[in-house]
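This report refers to the structure that appears directly beneath it.
By written order: A, B, C and D. Residues from 1 in each chain.
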Amino acid sequence: MLTTTTRAAALVAGYREVRALTERLAGPLSPEDQVVQSMPDVSPTKWHRAHTTWFFETFVLGQFAPGYQPADPAYGYLFNSYYENVGARHPRPERGLVTRPSVEEVAAYRRAVDHALVDLLTAGEDRAEVLDLVELGLHHEQQHQELLLMDIKHVLSVNPTAPAYRGRPHHPGTPSPLAWTRFDGGQVEVGHDGDGFCFDNELPRHHVLLDPFSLADRPVSCGEWLEFMADGGYDQATLWLSDGWATCTQNGWRSPSYWFQVDGDWHVFTLDGARPVDPAEPVSHVSYYEADAYARWAGARLPTEAEWEHAAERHPVEGNLLGADELHPRADAGEGLRQLYGDVWEWTASPYTAYPGFRAAPGAVGEYNGKFMINQMVLRGGCCVTPPGHVRPSYRNFFPPHSRWMFSGVRLAEDAR
Amino acid sequence: MLTTTTRAAALVAGYREVRALTERLAGPLSPEDQVVQSMPDVSPTKWHRAHTTWFFETFVLGQFAPGYQPADPAYGYLFNSYYENVGARHPRPERGLVTRPSVEEVAAYRRAVDHALVDLLTAGEDRAEVLDLVELGLHHEQQHQELLLMDIKHVLSVNPTAPAYRGRPHHPGTPSPLAWTRFDGGQVEVGHDGDGFCFDNELPRHHVLLDPFSLADRPVSCGEWLEFMADGGYDQATLWLSDGWATCTQNGWRSPSYWFQVDGDWHVFTLDGARPVDPAEPVSHVSYYEADAYARWAGARLPTEAEWEHAAERHPVEGNLLGADELHPRADAGEGLRQLYGDVWEWTASPYTAYPGFRAAPGAVGEYNGKFMINQMVLRGGCCVTPPGHVRPSYRNFFPPHSRWMFSGVRLAEDAR
Amino acid sequence: MLTTTTRAAALVAGYREVRALTERLAGPLSPEDQVVQSMPDVSPTKWHRAHTTWFFETFVLGQFAPGYQPADPAYGYLFNSYYENVGARHPRPERGLVTRPSVEEVAAYRRAVDHALVDLLTAGEDRAEVLDLVELGLHHEQQHQELLLMDIKHVLSVNPTAPAYRGRPHHPGTPSPLAWTRFDGGQVEVGHDGDGFCFDNELPRHHVLLDPFSLADRPVSCGEWLEFMADGGYDQATLWLSDGWATCTQNGWRSPSYWFQVDGDWHVFTLDGARPVDPAEPVSHVSYYEADAYARWAGARLPTEAEWEHAAERHPVEGNLLGADELHPRADAGEGLRQLYGDVWEWTASPYTAYPGFRAAPGAVGEYNGKFMINQMVLRGGCCVTPPGHVRPSYRNFFPPHSRWMFSGVRLAEDAR
Amino acid sequence: MLTTTTRAAALVAGYREVRALTERLAGPLSPEDQVVQSMPDVSPTKWHRAHTTWFFETFVLGQFAPGYQPADPAYGYLFNSYYENVGARHPRPERGLVTRPSVEEVAAYRRAVDHALVDLLTAGEDRAEVLDLVELGLHHEQQHQELLLMDIKHVLSVNPTAPAYRGRPHHPGTPSPLAWTRFDGGQVEVGHDGDGFCFDNELPRHHVLLDPFSLADRPVSCGEWLEFMADGGYDQATLWLSDGWATCTQNGWRSPSYWFQVDGDWHVFTLDGARPVDPAEPVSHVSYYEADAYARWAGARLPTEAEWEHAAERHPVEGNLLGADELHPRADAGEGLRQLYGDVWEWTASPYTAYPGFRAAPGAVGEYNGKFMINQMVLRGGCCVTPPGHVRPSYRNFFPPHSRWMFSGVRLAEDAR
């Protein structure tokens, strides 16, 4: 274990790195791009930049930096996301109405808080409580880095001119056949093992019973999804959960999100602009309802989160994450169980619930996870816009079953004979 | 095991009994009462009477009775609830628009199908497939008997004059203190054990791991709920799940459903009319969100469905069920773990999912359960309007977390020291 | 002018006649038919029967009959339509939730009020104030007779089996060519001339200036409307008012209301059931938006209400009204300006506003008309379900421009050369 | 009449002036301010700047400038407001989702079109058709100058920090008593008299009959409105039109728009920021429903548009218009009939309909007015953000009766004895 001094120094370095990455991600975006909210789920880039800053200001500087004065008294109201413990806040669906502070004022806010935070840490602050909150703040900001990219993708996509965030050319991948890997199951352990940072929802580590099962060795590809579509996947109610079919028909779903047809051929909008769908690459931006219907059509099922974690925890956390700078899932024509980390978040069959013995942290940061444990399904493994170092085998992401604006895909599972 | 002849004979007797009970339940209701749909969740009484009949007509007579002609070709469209496999159907929210067939025509439909069904069974029909479907149909009709009472309670309640279904006087109960029963947990078995009828969602029986836990020996009472209300239970966001708080504030919830204030005192609308709330009786008509908030306020939690089943399966299936003819939960000032069956369905902390290895039945009846395994929470134990013989230790009821029109209550649990 | 005694006697006779007609109109309807509300605009038959009774009870008996006790204290709340002056009332969109009082109890309510009202009038009551209110109540009930038929037509139409109110066969009419009648205009008078009953909105009679104009000699026929449809009438935005086009596309209008296609041929639902559209008969159940678009397509315009009244006031008030017992507009292959009264209400280009010097009556009955003078267009002439004796040259009916469930049609006008 | 050369030269000067004013009005706004749409009625500042430019590009340059190439092919879709004749367009409620083109690109678009347009006019273009369209485009842009200020006021107001567009201090006015001016009426003429520019909806000039009437000599003041509020104006249903009362209660109106309470005192948000309500100044931002209810409360009525025009046409078109640079209505303690022009648009009792003999212009510009002649009420006289030279005695503005985001006020009228 690090001494607190060493830990503080490491946190300063980590802090600078994480904070700088956020600014780099916002770099290609104009002030106009950064203020718009294209649907209630989406937050403006400017808001992400300010909210992550507010987190450090409120939970670290406001509580522990002697004499710290908030940058602007209005920011506590504007940039609180959902912490009921720290007071009233601006309604989420109205985040796109806030034209001021300007993008430039938000940048200044970031600089002011960075300055004060680094001062605090380098002035000998060594209380674990403070350092823990800084560390939490960094993981929190990494989550918002992923959200920033998910959200700006949606913002740009609803512009009739569909401008690109970036303009890299796409090189089509090589399709690979689907194979399966078998696991014996039995009484296994899941949950975080106590080494390094984790969120409270990954605890406590505990035993579960698993029947023998098999996992597909790679995510479902766009080519396979096109077969599902061609076979009437979006037309047959009996493939779908009841709520899923209602959602599908009400929204007129005919394909994954961001797909559209040009003269009969399917195209996809990406952060690098629109282009033809590449059959080799993993399908992305599908809802739980679609993932579940696809699995039923394929004669398989989705894995539980325990199955996924048991299979994945022996694998190195490597892959097409944000560090690879692809910003889109890519084909991997390798062999064996692969692409567990990065590319696409993988829907599991597990509702997002508390682990046995789960305790939320006391105070406002206890609102981080527990209160969302309803009406959501767990996804695992990170995706192509997840910052490296952020995801773990025990990491639990979660979204409602109808959501499609995140990089969500499908890995099949089966009961093993 | 019964011989098929004996089984057919037993089914004829059961059929007559179940079908007659439905008619008895509809007895106090006028044609006007039977046609109205007070919200999309509710179905008209007339519809329940016709739909349960359609079930036998479609899945038994239509398939197995030689030369059977449907009573009316329109009924297949009007009275199919949600079976995608058997064709198009009338939209659920519009069931209250169907003034014809009349209540009297529906009664004639019931008689015609009863006649044909009994004829079929008494004519030597002994195929297990047919008898299984008749048995399923009876359990299906029992579910609709409970729904009929839940639904008519809602229909009558939205009438500004709030007429009673029946007019029995209420005798207040005796409050009893709350005590706890401890269970060691370990590797236990849950799911139906294969003896007698069960729905497919109760299978397969399988092992689960349970940590030591305690269960409250009786459901939460109205008196305790009044304390929760007095302590600001409906005002403190931090007691609630995030979706729960949003639902609570959007709907202006200040108490359980069917409660209202008269000169500052809380009253409750029951099937026997409106009267003051009785502090001794179990609280009912609370949503999962409220049950969860209450448990958090009480420093406890809700049980998982496995904990509940493990605790309950050694208890006789007895209690304040429909046979007791109370039509409302009642206080039980006894001792020890009690009121597991009847009174109120008990919310569990378990989302409604497939058991490991679950397989839906083939064909239309396979739509009975599996396609609803999303966005719902499991409730256990039956309630005061559940027909006797219908509920079991392994019986899994399920509703969305915001629903309140069923007789749903709360039993607390705790991690055991 | 009648002496009050003679007037009271005439009112008793009129009262008996009008009240009996309401009951005759409800005759073919079951209790189930009479309780349902198929959309917020529609009221249940039972409600019409009770509300017209409440009108006499509240405004006549309650104020002027010594010692009169209301039949039921709840009825004042349940059956007040929109009179703010006489207290709170049940929300209009929830009229279909009121299963009790039953249809039979409403019939008893009608009998009790009839008895008391006739007693009052025959006991020598001769105050003009009272007799005026009775007369107003009769005209009010006649309006509800028309509404009862409009409303039950809608109720029956939303039943998937589309049952008929009655079952008379249809005899197709003979188409006639469209001709025009010219009027010189000038300074003319409109508004009620003071002889006999009128509503306050028909007063005061006043002068208006009219340019020379021509009126089509008969309403637009279904055959002509089919030409409009075939020519893309429902596809060309530039034919429509902006709000009209938005309404048309949002609701997917492709034809008049109650029309539907069977194997490519247009059929229409009528009070006598469904049958093929008859090209010769006047088109009905079109909105103002459609009427206006049709007129633009035809190179004409809609008449103003002053033009219509000026043209119509020299014509006898005769035609296919409720007395003809057709319950549907019919072709008239006659010659000259015709079908001004009955068949279909004719949309005018005039918004419903107060005449110069208009004064609403004092008290609750002053709410009868004035407060609806916004967002509505005037229709003239009565229709096939308007009770005879109810309509006049100066009679102003009014509906919002999107409404289609009344018998509304189109008569074209042109500026004259 | 001007020669076309002189007219072209005058138009070039006018063009430069109008176009420069738009840019000046946008001057205080950041890119972030200019992109947001705070409700469907509101358009972003950037959109106004681009749309007015598109108008000249589409209707003048695209049709008449030889070899003109559109600045960007996407702009025709993005910046068409409602012209069905010139093709598909971006949905109005989504104007705030368009982050690109940027504010700077829109400024460049304006410069490019300005250059081409001035080139065209100075190159000897003398066709009346072209010059008429340029003139129409200038009046069109003036309308959008007013809209720009109305809209940005709303945008800034929904920001929780309520920033000001500008920061001038307010100097309270002096209240003046209300007096009346009598008019004899008779057969008078209304509509544009043919001298100078007018919109098609002001034609043809025609005769109307007016009874004797009186007009209040100034608009209703905030002080008088506070009396209305104190007397329960927002609580008494019987003061309101039926639709008005429904709108009032559904929206929770308790005061004019932009008013709010601080410690019991009423404040108002203005383009110069928030400050206490000044009782002397004209009330503004009231809906037709409120204006009508106020008039009823005051024992008066609203004037018809013919009464207003007859009274106003002898008065010079002067007052607190945009040229005065107040950006808010102001008190005028003068004497006699005053403040007819500027300060606040005055609601009339007249629905917006076609004048007798009205003909819309052929082609796309014919969509300018006629298709909006439904569901709107006429307002007269211009307001404090109406560009000088834009309003006339015959000018007809129009809004739906529930709208409140324009500078709309009330002048009372009475039938004269």
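Assume a contact is a pair of C-beta atoms (placed from the backbone, for glycine too) under 8 Å apart; a residue touches a chain by one contact, two chains touch by 3 or more.
What you are looking at is a predicted structure, and each value in this text was computed from that prediction instead of being measured.
Visitor: So which chain is farthest from chain B, going by the mean of the CA atoms in each chain?
Guide: So the chain farthest away from chain B turns out to be D.
Visitor: Find the geometric centre of each of chain B and chain C from their Cα atoms only, then give the gap between the two centres in Å, rounded to an integer.
Guide: Centre separation, chain B to chain C: 47 Å.
Visitor: List the centre-to-centre spacing of chain C and chain D in whole Å, with centres computed as mean CA coordinates.
Guide: Roughly 38 Å separates the two chain centres.
Visitor: Would you kindly tell me how far, in whole Å, the mean C-alpha position of chain D lies from that of chain B?
Guide: 59
Visitor: Show the residues in chain C shared as contacts by 2 or more other chains, in ascending order.
Guide: Answer for chain C, listing residues that touch two or more other chains: there are none.
Visitor: Which chains touch, pair by pair?
Guide: A-B, A-D, B-C, C-D
Visitor: Provide the residue numbers of chain A that touch chain B in the complex, in ascending order.
Guide: 82, 84-85, 187, 207-209, 211, 237-238, 240-245, 288-289, 292, 349-351, 353-354, 356-357, 367, 371-375, 401, 415
Visitor: Provide the residue numbers of chain B that touch chain C in the complex, in ascending order.
Guide: Against chain C, the touching part of chain B is residues 30-36, 38, 46, 74, 77-78, 90, 94, 96-100, 102-103, 155-156, 158-161, 163.
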